[in-house]
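So that you can tell them apart, the chains are marked A, B, C and D in the order they are listed, and the count of residues begins at 1 in each.
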Amino acid sequence: MTQKEISEKIKENFPNAEIKIIDKKQFSVLVDKEQIIPVLAFLQNIDFKELAILTAVDWIDENQFEIVYNVFSYSHYQQILVKARIDRNNPKIQSVINLWDIAKTYERDVHEFFGIEFIGNDELKPFFLHNWLDLPPMRKDFDSLAYSNEVYGKFKEERDK
Amino acid sequence: MVLEMAHGTFACATFNRDFIRGVDMLITSRNDLRDNGWERILNYFRKKSMWMLHYCTGCGAMELPPTMTSRWDMERFGIGPMATPRQADLLLVTGYLSIKSLKRVIYTYEQMQDPKWLIAFGSCPLNGGIYYDSYTVINRLALYLPIDLSIEGCMPRPEAVINGFNTLMKGIEKGTAVGYKKYKENYEWYKKNQDAILNRTKPVFDSGVKS
Amino acid sequence: MNELLTFLGEEDRYKKYELFFGPNHPGMNGNFSYIITVEGHTIKRVDPDPGQLHRGFEKLVEHRLWMQNISLIPRICVPEPDINELVYSRCIEKLMGVEIPDRAKYIRTIVLEMARISAFLLGFSAIGGSTGLYTASHWTIGDRDYLLDLFEWLTGARVYHMYIIPGGVRRDLPEGWIEKLEETVDYIEKRLSEYDRLIYNNPVIVQRLKGLAPITQEDAVKYGITGPNLRATGIKYDTRKAVPYAAYEYLDFDIPVQSDGDGLARAIQRREEFEISISLIRQAIKKMPKKGKVRLDMPNPLKFRVPKGEVYVKVESARGEHGYYIVSDGDTKPFRMAVRGGSYTAGLVYARKALVGMRIEDVALWMATMDVCAPDFDR
Amino acid sequence: MIVLKYIAFALTSIIVGLLFMGLGRKYSARIHRRYGPPFWQSYLDVIKLFSKTSISHHWVMDFGIMMGLAGILATIAFLPIGPFHLFNSMNGNIIIMLYFMTIGYLGMAMGVSASGNPNSAIGIARALTLMLGYEIPFVIVVISLIFINKSSLLSVMVANQAGGFLHWNMIRYPLGFIAAEMALQGMLGEKPFDAMIAPSEIASGPMVELSGKMMGLGFLQHAAQIFLETAIITSLFLGGSSNVWIFFLKMFVLYLVSLSINAVSARFKFENAVKWFWKWPMALSLAQLLIVIL
């Protein structure tokens, strides 16, 4: 299928979806957060089997998180960025672990760095970070430099020992 | 005949001078001989046979394979990779250290047997380097562990690494590379610094909430 | 961790025990750890413990200018840093909608294939190292240095080149470099038969690799396994062919595939792609325009703004699909950059399935054949 | 007198063993296309190891490691080194030597298991399993040689091989020699059969917890072991020698052959190694036994 056919098919099944062409092998689909599982299941059925990455974007000005599911097909050679926006104050979304096993780890990753809750994923334990107590670090309002100065730069005066 | 004799004397003289200089460097006085003589002799063997721990803590480890293998071959100097901290004398901190690695590096360093040395690679263990504003990378390794030698470069080239090893050898022979003693003497201070970042109980910023 | 401890507490501690495979385990390449629960010699449970190399790149790039990031991002993947520069530069070029000069495309191809060859040589040495065949490690890494010398001549650095920049490459090829490259490639090709004799025809290595954790095609797609590991299962897909970048669309090459998907197939797949890379370098040298610009004129780096938009660009690395997802809000800094490391899926996700039931002596070999590289998923 | 002589024996074995190790490292380095350490590197290593502090987890660990070295050194007492020997009545009784060698391994096993590291436990389990593999073909070869010589004394076997190159057992009984050479590879723990050390699998196995002086003792044990095992094979098959230096040279050649195989082969899994031992060397040694008996 060409890009056009796929996007038309998506439009047909999900009239609410906002489709934006990025280039000739890639386009993005913005859907409601309730629709994310049906859309991904639909894409999986038309051979979009590879979940290349699952990540999030912190749109702090709009007070929203955008979850990006990046799927790819080995037969159509198309990359689709399926996106859903969720409220920043109550970051919760359905987990897609029933569609992709691998999403378990991606969601654990995103949970750790953004603090987004994935309903249905029981593996949201700490992963990369050690004893993390502050705001999830990838959020836009977390100041990395200030944190680093506070924690790792504190003993500058004491160093001449 | 004369020539031969002269040559022999000359050779003998150089030998003697070298020998005396060597003794000079090793032992300065009779008391010194009594107190440290044995240690100084052992230091010679320590510097000639340094086993480094096979632990790649950061990107600088990428230049260690060339250093170890055919082209630069550091086994020429008696330096070889070792599998576990118990057997090793050298700990190479090859670049930046995230806190998670720092914890393991501290465990590793404490597992190693005296005398032991720690070499820091590149600018990251000195001041954070390019990761000065990262939330997981420590800025100054010297606060948590005693560094015996720092090698400059990002990442240090194999020549620099080998040069660093040679510098450390000199330090060991002169008895100036005694980081492990410093660590023992100032253990409380090091421990306090380590605890401050490894076992934090409170978030750094008030806004911090664990979700 | 606690869960694991209680889980262990209920079992017979003499039969079942916990083994830390890494971070300072000689079989582990990189600073990464598997916490393995072993019963006898058999692995019952695997918990990857990443984060020892975590530097927070995705956060750091948000605080640096677009051009400043060029010096930061190669550090994401240490054995093959050039792919990062390429992906990042292509993201910016796509967002800006510019096309780079032809000569730059070919130079990029040559640099990428050289990086690929050096990564494969490291991979060969890993197979040698994890089976105890140290001669192979010494030879391959020694030969890799010839490539690093060329890189040094071209870019001034042995490992982090920062050569591919948005808009092309940093500077043109020095005089005599191409001839030296041809010589080196010839030499490495000649050495290949030695490697064959030493590694790929070595009965012990073949015996150990055969049937080592075979991947089925369904699993490979489901778990997002890419690159040589995917092709070893028989799926004929290569990013260089399917979504071409640099000068790959002008070059003629075939994608080799294997059918078994086991350790031997993965090793031989890499071995065959090695030859493809050599032929690609030769073709690129031949077809490259002799003169021309190698870089577009880009705006002042301090005021360099990239138009608003988002893009995901991926590249075929030695470990698989290496991609960046970049969002720009039209500012002087990237708004968000997400990294998909080439071995994220193999090392963090698929390992939990593949390693169970395996014996501990195969873990290092499995990592070598899958080419798991910690820095690219630790970021 | 005999005590002094024994001390000389033990020291010789260690010093020559370490020299072999050093030269062997140089030799392997040249195969790797590199320069390699100086040949006296092993001595420096041992002295350095003894200058380090060491840590012990249990008194059994100390005891076991020492027993390991003692077992090997005790075996040296029965070994005729060239023209020299310690006991006139038991001048290289091969059966006693095989028994005593086992003490060394068992001591190591005991000490290492007491260290409590799972890696070392796995390593020692592998070492003992492998021992089961190579000891049996080796013992069969030894039995056939005892049968031929009607004696279990190495000195008698050496005497029977006197008279030049063609009288060596290596030429007269080639199948047995090949089987013994294969077993030697396993005894020395060189490459296809080094599953017990295997740094990339179990982080150097038995040596994981050995530090400083213990590691030094382990080093010495390995050196003495190289000496002992190559010396036994030299006496059995290469006709020994009445000249010590030629005797050492023959041993060194055997060691180099072993190192050459080591340099180009990968590591067997231990069960494959045992299978291999029970297939090839076993078949060869049995064939040799049959030829000898019939």
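In this text, a contact is a pair of C-beta atoms (placed from the backbone, for glycine too) under 8 Å apart; a residue touches a chain by one contact, two chains touch by 3 or more.
None of the values given here were measured: they were computed from a predicted structure.
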item	value
Centroid-based (C-alpha) most distant chain relative to chain B	A
Averaged-CA centre spacing for the pair chain D and chain B, given as whole angstrom	35
Chain A-chain D separation of Cα centroids, rounded to whole Å	60
Intercentroid distance (Cα basis), chain C paired with chain B, Å	31
Cα-centroid distance, chain C relative to chain D, in whole angstrom	43
Overlap residues in chain C, where contacts from two or more other chains coincide	25-26, 51, 54, 56, 59-60, 63, 138-139, 142
Where chain D touches two or more other chains at once, by residue number	32-34, 199, 203-204
Contacts with two or more other chains, residues of chain B listed in rising order	54, 69-71, 83-84, 98, 100, 133-137
Chain-chain contacts as defined at top	A-B, A-C, B-C, B-D, C-D
Complex interface listing, chain D residues touching chain C	31-34, 118-119, 122, 191-192, 194-195, 198-204, 263-270, 272
Interface residues, chain A side, partner chain C - complex	22-23, 25-26, 28, 49-53, 55, 57-58, 68, 70, 74, 77, 79, 81, 100-102, 104-105, 113, 127-130, 137-138, 140, 142, 144-145
Interface residues, chain D side, partner chain B - complex	25, 29, 32-38, 41, 44-45, 47-48, 51-55, 199, 203-204, 207-212, 215
Residue numbers on chain C that touch chain A, as the complex places them	50-51, 54, 56, 58-60, 62-63, 94, 221-224, 226, 235, 237, 242-243, 309-312, 314, 321, 323, 325, 327, 335-336, 338, 340, 345, 348-350, 378
Chain D-facing residues of chain C, complex	17, 19, 25-27, 38, 41, 128-135, 138-139, 142, 198, 202, 204-205, 207-208, 359-361, 363-365
